[in-house]
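Labels for the chains are A, B, C and D, by order of writing; each one numbers its residues from 1.
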Amino acid sequence: MSATICDSAAEAVAGIEDGSTILVGGFGMAGMPVELVDALIEQGAKDLTVVSNNAGNGDTGLAALLAKGRVRKMVCSFPRQSDSWVFDGLYRAGKIELDLVPQGNLAERMRAAGAGIGAFFCPTGAGTSLAEGKEVREIDGRTYVLEYPIRGDVALIGAHVSDRMGNLVYRKTARNFGPVMATAAKLVIAQVSEVVDTGRLDPEAIVTPSIYVDRVVAV
Amino acid sequence: MSATICDSAAEAVAGIEDGSTILVGGFGMAGMPVELVDALIEQGAKDLTVVSNNAGNGDTGLAALLAKGRVRKMVCSFPRQSDSWVFDGLYRAGKIELDLVPQGNLAERMRAAGAGIGAFFCPTGAGTSLAEGKEVREIDGRTYVLEYPIRGDVALIGAHVSDRMGNLVYRKTARNFGPVMATAAKLVIAQVSEVVDTGRLDPEAIVTPSIYVDRVVAV
Amino acid sequence: MSLDKHAMAELIANDIPRGAYVNLGIGQPTLVADHLPADSGVVLHTENGMLNMGPAATGDQIDPDLMNAGKIPVTELPGSSYFHHADSFAMMRGGHLDVCVLGAFQVSAAGDLANWHTGEPEAIPAVGGAMDLAIGAKSVFVMMTLFAKDGSAKLVEKCSYPLTGVGCVDRVYTDHATFLITPDGVVVRETFGISFDELAARVPVKLLAPAR
Amino acid sequence: MSLDKHAMAELIANDIPRGAYVNLGIGQPTLVADHLPADSGVVLHTENGMLNMGPAATGDQIDPDLMNAGKIPVTELPGSSYFHHADSFAMMRGGHLDVCVLGAFQVSAAGDLANWHTGEPEAIPAVGGAMDLAIGAKSVFVMMTLFAKDGSAKLVEKCSYPLTGVGCVDRVYTDHATFLITPDGVVVRETFGISFDELAARVPVKLLAPAR
């Protein structure tokens, strides 16, 4: 179905259930759907698993969601940053679970979820502690680790412009995880700077086709 | 290295060796690198394996390459078309080998080659004769077939515009296999309608970044 | 009276939910596009890399770079987008299309589909995107005549032709009846110019009467 | 005299082939960019989705949507392109980058790399793209000081820190020497302010003298 253009971030995140797995876009603050995360905090869903490259910066956005105790588990590549004190505290206190995934595997495992791939043999991390317990296979003389899809119940992403159908374009390196997460979740919610009339975006330059997008809100 | 802008299709295909695996872009005639295929016929490489969605139309292009007896094996999804008499004749005469691959597996297996994936479990074709002899695994209640990468020694693709570095954009459904093949071959040769100065293409709309492109020729 | 292909296409078109993302297979299924209501909001996908495909191109509209999966020149609608083949088939395989309408040689009672190869030894095999389409969409509709030229039913207990996909078909639209493939068996949703009993006598599959 | 980090960066910059596609890891390796000749044609990749990244942004150039993998604001050069994370890491993992320059805690004689985790139990683990970078590029260069603060060599027989990648390092640039990891063993390419014998005495790895 074509995307629903929402009037508010609150409307956009309505109905997210406790226990959901939420994919949250962004690399640092670029592409981070700040207003959607704030709305999710207001909305109140808890016992969440959050999949995102980082584990929150400062005291706002994802960090604020963590601080409220809403997140049971973080799946990410790089939780430790200079301003990740919220995650650091919860982790050291044993109040949050961490599933550490190499950044490319995070992206490729979500891509697999979106592309209907059941599992894939990946060379990244072979022979390291992050591959411990995983199936390993030698193919053409190289060692590969079997990796499974990461699926979301919900994806919250930040894009640049949407048309009224939900076709999305991004801006510079804020593109990062958004297009992949949009393929990997059942309910995809995008915040954008602007919603334009359908037909205004160049069909050759659309990065996320509307088929992947359920709700859009301009913030 | 940045792409070499060639003066002629002959220069662009120079050095292709006998026995090579050649990925040839296009879906029907859209995106088909006709001038490069013609130059390859002139160049004379033989005993080729050609990977392309179709197996040639009419008497020109890929069909002409087949007619010259240069192709040992076709890897494709749809060889039988109303005007595929050249392939049909060779196949019925036992003069060409056929590896029939479902269209999406053709694309995904080349994508795997370009993305450094060793193999992947794919649901397409499970339980059919095209999966016979292949490794099968049930994952989360669904049956998947293990598929391996398809790599090319050379890719011949048709794009729309290149800049002088080799960044490529395509046009409408002529995009098809080009971007995937560009990632999957050691030597990637693109024919385009126009070469423009670097900086003229919108960085947000480039489909094939220059890193994948070795030679470009305007035809 | 049994349905002709246009009536079948209209029936299918009316069963496609508003705003659905749909792939119409090569051949008769493309007729479905002609019967979609103007305000249906249905978005057509073509596996050669496009969403929101418009009607067939005519005259000056014909552009050799813009064709559908059957290699017929088509047009684009506002909101269309282009993507490469790996992305296009990821979209299909990943279950993002709502409905796919395909032709068939045979469909089995368990929803197995045979539509790519007659299995004749002299035939040149060609599969295209058939296997990818069969397993990809949320709902797979088959559009076919119920009986082959020799009078045998194409809805069968077990396909004799090589399979395209296993257990993938949800509904079968034919000229004589519409069938739902359910976990409980094959349900006849409606018949056209034939009684349920007559149908049951001619189709070698246990048929369940429509739910009332 | 041993090299400071700028001299090491210059040495590496001069070893990068003209026109190469290069990823410079977070930290000291980013210094390499400052020493590339203006006409080098080297194209920088940043794993957060960009090719042909320009120098760090200053003043009005700063754009919150344009940063490198270290989350430092950067600029774009003519011919730059953007792509999403799966495509960016496919580019790395698929072996399309010519050179990647990484920092390290330790490198083993067999080219194993340890650069992501000190293994201390209280440390919060964070890997980022380190493992993807380690196994992806055609050539992996390490840039590090040869000795840790406690005086122990960071070029070791076997890494004691958790591994980032196995057998992935090709060259090790340090303040005291440049080492080539070869199938025959560790070759000292050149030394800086230290003799080969002194180096061999301080590094617990069998070192081969440079080829003459």
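FYI, a residue touches a chain if its C-beta (ideal position, glycine included) is under 8 Å from a C-beta of that chain, and two chains touch if they have at least 3 such contacts.
If you're wondering where the values come from, they're calculated on a predicted model, not measured in any experiment.
Enquirer: For the chain pairs B-C and B-D, which is connected through the larger number of C-beta pairs in contact?
Expert: By the number of C-beta pairs in contact, the winner is B-C.
Enquirer: Between chain B and chain D, what's the gap in Å when you average each chain's C-alpha atoms?
Expert: Centres of chain B and chain D (C-alpha means) sit 34 Å apart.
Enquirer: So the centre of each chain is just the mean of its C-alpha atoms; given that, what is the distance between chain B and chain C in Å?
Expert: Averaging C-alpha atoms per chain gives centres 29 Å apart.
Enquirer: How many angstrom lie between the centres of chain C and chain D, each centre taken as the mean Cα position?
Expert: Each chain's C-alpha centroid was found; their separation is 54 Å.
Enquirer: Any idea how many Å lie between the Cα centroids of chain A and chain B?
Expert: Chain centroid spacing, chain A to chain B, equals 33 Å.
Enquirer: What residues in chain C touch two or more of the other chains?
Expert: Those would be 76, 82-83, 90, 92-93.
Enquirer: Indicate the residues of chain A shared as contacts by at least two other chains.
Expert: Within chain A, residues 108, 111, 115-117, 122-123, 170-172, 203-204, 207 contact more than one other chain.
Enquirer: For each chain, which other chains does it touch, given as pairs?
Expert: Touch list across chains, by label: A-B, A-C, A-D, B-C, B-D.
Enquirer: Once bound in the complex, which stretches of chain D touch chain A?
Expert: My answer: residues 46-50, 63-68, 71, 76, 82-86, 88-90, 92-93, 112, 117, 122-132, 135, 162-166.
Enquirer: Applying the document's contact rule, which stretches of chain C touch chain A when the two form their complex?
Expert: Per the touch definition, chain C meets chain A at residues 17-21, 41, 43, 45, 51-52, 76, 78-83, 90-98, 136.
Enquirer: Any idea which chain B residues touch chain A in the complex?
Expert: 108, 112, 115-123, 137, 139-140, 142, 144, 148, 169-172, 202-205, 207
Enquirer: Where on chain B is chain C touching in the complex?
Expert: 27-31, 53, 77-81, 87-88, 91-92, 98, 100-108, 110-111, 122-130, 143, 170-180, 207
Enquirer: Contact residues on chain A for chain C in the complex?
Expert: Within the complex, chain A contacts chain C at residues 1-2, 111, 113-117, 163-165, 167, 183, 198-199, 201, 203-204, 206, 209-212.
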